[in-house]
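Structure first, commentary second.
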């Protein structure tokens, strides 16, 4: 089978279908920079393990990666400290809205998983302690994996996040009160908001996710994660990657995935390929409406679900 | 590749390892019939899609299937009413202990998923409305799929569950107060406790789970679920099948699975095989210690994870 | 000061004001017998410690006492078992809607106070264990204190409560699962629903509450509660007597009080008098709109607040 | 009756009893300045409405007033903005531990009452907006009412609170995310920690509370609160003044009261007198063990309960 000839027609068919039945979602509106996005934008890319990449629509247009970056900081920290990370953040689905403080309180400042905001703050905090520059580390990784040296932060978005950052500041101080944050909370928040503000395209992010299809191997052939760790990151993505809709995402799409409020979603078919889809209209749980629909169609048309 | 020559040695190697490092878990003690189990018992079976079955240890010894039966009643009801079921029970991980009433209250009597007790009560209630004999329907299905006509209920266990059934009675009445239960609660509870009391062996249950490896096809070649529905049941198992440890199970084992407090766990490698392992010693979250360890070893040794 | 000449004009002034600005509340609608009440009905009575009683409006019209009876069963049980009761029910405000199961779960089946439904079920259960006829004991007490031998249950209301009793059945079974209920749950529920169905007038209930103004002494001069216990019941009424509005009731009225969804409220001015007001229109927290307003006016006009 | 001859013997009797059966509590240990207190210290003062003050033990020894100051900032803000305050903070008991974030989340950033930390932050924030110096305003008030010009902040305590202030910072940012905080969170926290650090004696605080016994009138005869507002503050103290033990405090003591983790408690007998007791050993809910016992004895010996 030559997947080379397979993915492009599938992507085009999906793009046509999405265009005919545009999603009803709305862009995130908690910061102006995101609210201004046109919800009808749509792009999708598929990257093969060897770096070949296919795409349709706005697949080369940078958008705000937001929570998608949580996958990369998780992998970067995990590659450094290994299982010790899991004493500071759990691996269980949260079963609540993505900003909830409730479980954090009942579980003594240990967030349920690395993909809710509280958990991502812990991961960034730990990566920052180990590298002195968590956001810079992330940027270097994304540039290397995507082969795009111009990939960078969106300073306007970062500033906007900071100005609306009270909820994350509350999470940071709350965990600090349990001793689960190493760096001063304002330092952590600056790192975190820079990380969230990364602007990248579907092509960039599908390529950057490649190590999860290659069982832990980076684009240059060096190993980032052990085979077992790569499997574990995929497992956490499948069970926790789409806020309070992880069950429904697994049910409809059946792939490890991670969404962001910028409207992007990355997904992995272990051993086969990685995907990134973007469309800014979100459903009430913060996931791209057209993005989920496109991934649903992709697994249906190709049979490439993990189930 | 002849899997025939593959699985038996793997099972024997796993059994040896388990015997050398027996788990530290304890049998469920909420009813006497389960508390009396020897925690060192261990059995494991693998069934191929064609019905070939391999096993080690106590793999032909019947044990109390308990919550494992929730997979079968889910499939049986889904095959009858289809997606309408999902208006009455969700598909999201619960993120709480398996008996929790909290989320049920916040979500107006709609349980988070069909594998927590509240959700299983809803499924049994709906299957009973459609068949007038939910427990009998389950038994007929298990006998047919396992090819074991002697598979039956354990009346002592059912009576014991009933005598300790206040928590489930509370769940039933609570959901009834929201209009989410059709049958009188005492009728529902009788059906539910009979269902939980089914005694079956690893061989029986590995074979009975076969339809999930065969994408919805029963042992006799007829279709129970559509391909899409079979995928969906696998997804729900992966995200919700092991109580509050679904994330860790996905992380360690990486297979759709469902555990019961009798110490059994079933698991699915879609397209390849189904497994059932049994050992009565449970961890604090209600999953078999040796069972999880054995499945972990199985996926490591064979590489047969979905990730 | 002759209070005899004081209370009648005050009551008449309040009744006039209430008539001019009728409340906007709505009768309880969870059972038909209550939903049929005319929300504009209004009655109010004041009883002095010596048994003199004043009244206006529908003050001699029987209405459904509902949760007001919880004060009397509390006193009756407390007089029998004393402080041992407090190992089975707390004395803290619940801080949640009156049917909440959440706190019950976090506090291991011990209800927060005797005036939420769960707590009242515990009190009735314990009184029933001690008397073999909790509801009969209550009826005998109310008849004796009010001097009204015709005061009785409303069987239609009791039957209607039973038919809509799933929420209370859930509470009963849930606490039974923690070992905090002695009697079979169906037996307890029958007693409880009979108790709630008592029909009594403002005059009856103001008189029956008299022992709390007389520091524990019954109408016939015998002692029901010690002085200290009477003070304690008043304290529990002030902090927990009006569902999730206890703080506001204390703030506006400043008297120990207990409301019921039938639209009645009893209140105590320790050492001075007892009151009962009735008007079926309820606010969203289950308290009579005109009833609270009338008590507010009473304390303002007479200066008889405890603060 | 001459209360002048009444209170001194009662205080001495109570002090003797407390000395014979010293409490088993432990000083607050979250900051070193409080942890160093000798738990056996004991002082108690009673102030009459005319300013006469009686005392025993360490009644002239300054201690850390902590949450007791919340009563004064509440009164100071209420005297300025009146009922508008209640749109930003509720008046209901919290029914949870005093630092809980849970209810705050379910109730959209509106704290349940002004005596939990979240509510006190809101009150200080609003007072600061209206005075540009909330902590200074408090200090001026306490000095004037107590007649003690040397009453001041304990800068060491304030610094220590700041260093351990993550929980309160989390509360502040969390409410800010709902738009319920006007000032920058760091500014608010500085004001709040200064306020908490006030050092005052039992004599000082009993006198400063006098306006609540005088129905709103300050020591100099001017009016701070209307009669109705003074009654309302007393009601909030009774229902919410002692963390998660308000019900038990009302039950045992039967007076409006407010405790602090420094071991102090103030209480009001409306129209009669005000009290302040101090002993640093706390129970598990943060209230002074000997302090509650002393107030319990006081109301029993004098009959001066509100019930």
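Letters A, B, C and D name the chains as they come in the text, with residue numbers starting at 1 for each one.
Keep in mind that, in the parts below, a contact is a pair of C-beta atoms (placed from the backbone, for glycine too) under 8 Å apart; a residue touches a chain by one contact, two chains touch by 3 or more.
Chains and their UniProt names: A, B, C, D = Glutaminase.
What you see is a predicted model; the values in this text were computed from it and never measured.
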{"item": "Chains touching both subunit A and subunit D, listed by label", "value": "none"}
{"item": "Chain copies touching (subunit B, subunit C) - same or different residues, decided at half shared", "value": "same"}
{"item": "Subunit C-subunit D separation of Cα centroids, rounded to whole Å", "value": "32"}
{"item": "Distance between chain centroids, defined by C-alpha means - subunit B, subunit C (Å)", "value": "48"}
{"item": "Whole-Å gap between the CA centroids of subunit B and subunit D", "value": "55"}
{"item": "Chains grouped in pairs wherever the two touch, ordered by label", "value": "A-B, A-D, B-C, C-D"}
{"item": "List of subunit C residues in touch with subunit B within their complex", "value": "100-102, 105, 166-167, 169-174, 176-177, 185"}
{"item": "Contact set on subunit C toward subunit D in their complex", "value": "90-96, 103, 112-113, 228, 230-232, 234-236, 238-240, 244-248, 250-251, 254, 256, 270, 300, 305-307"}
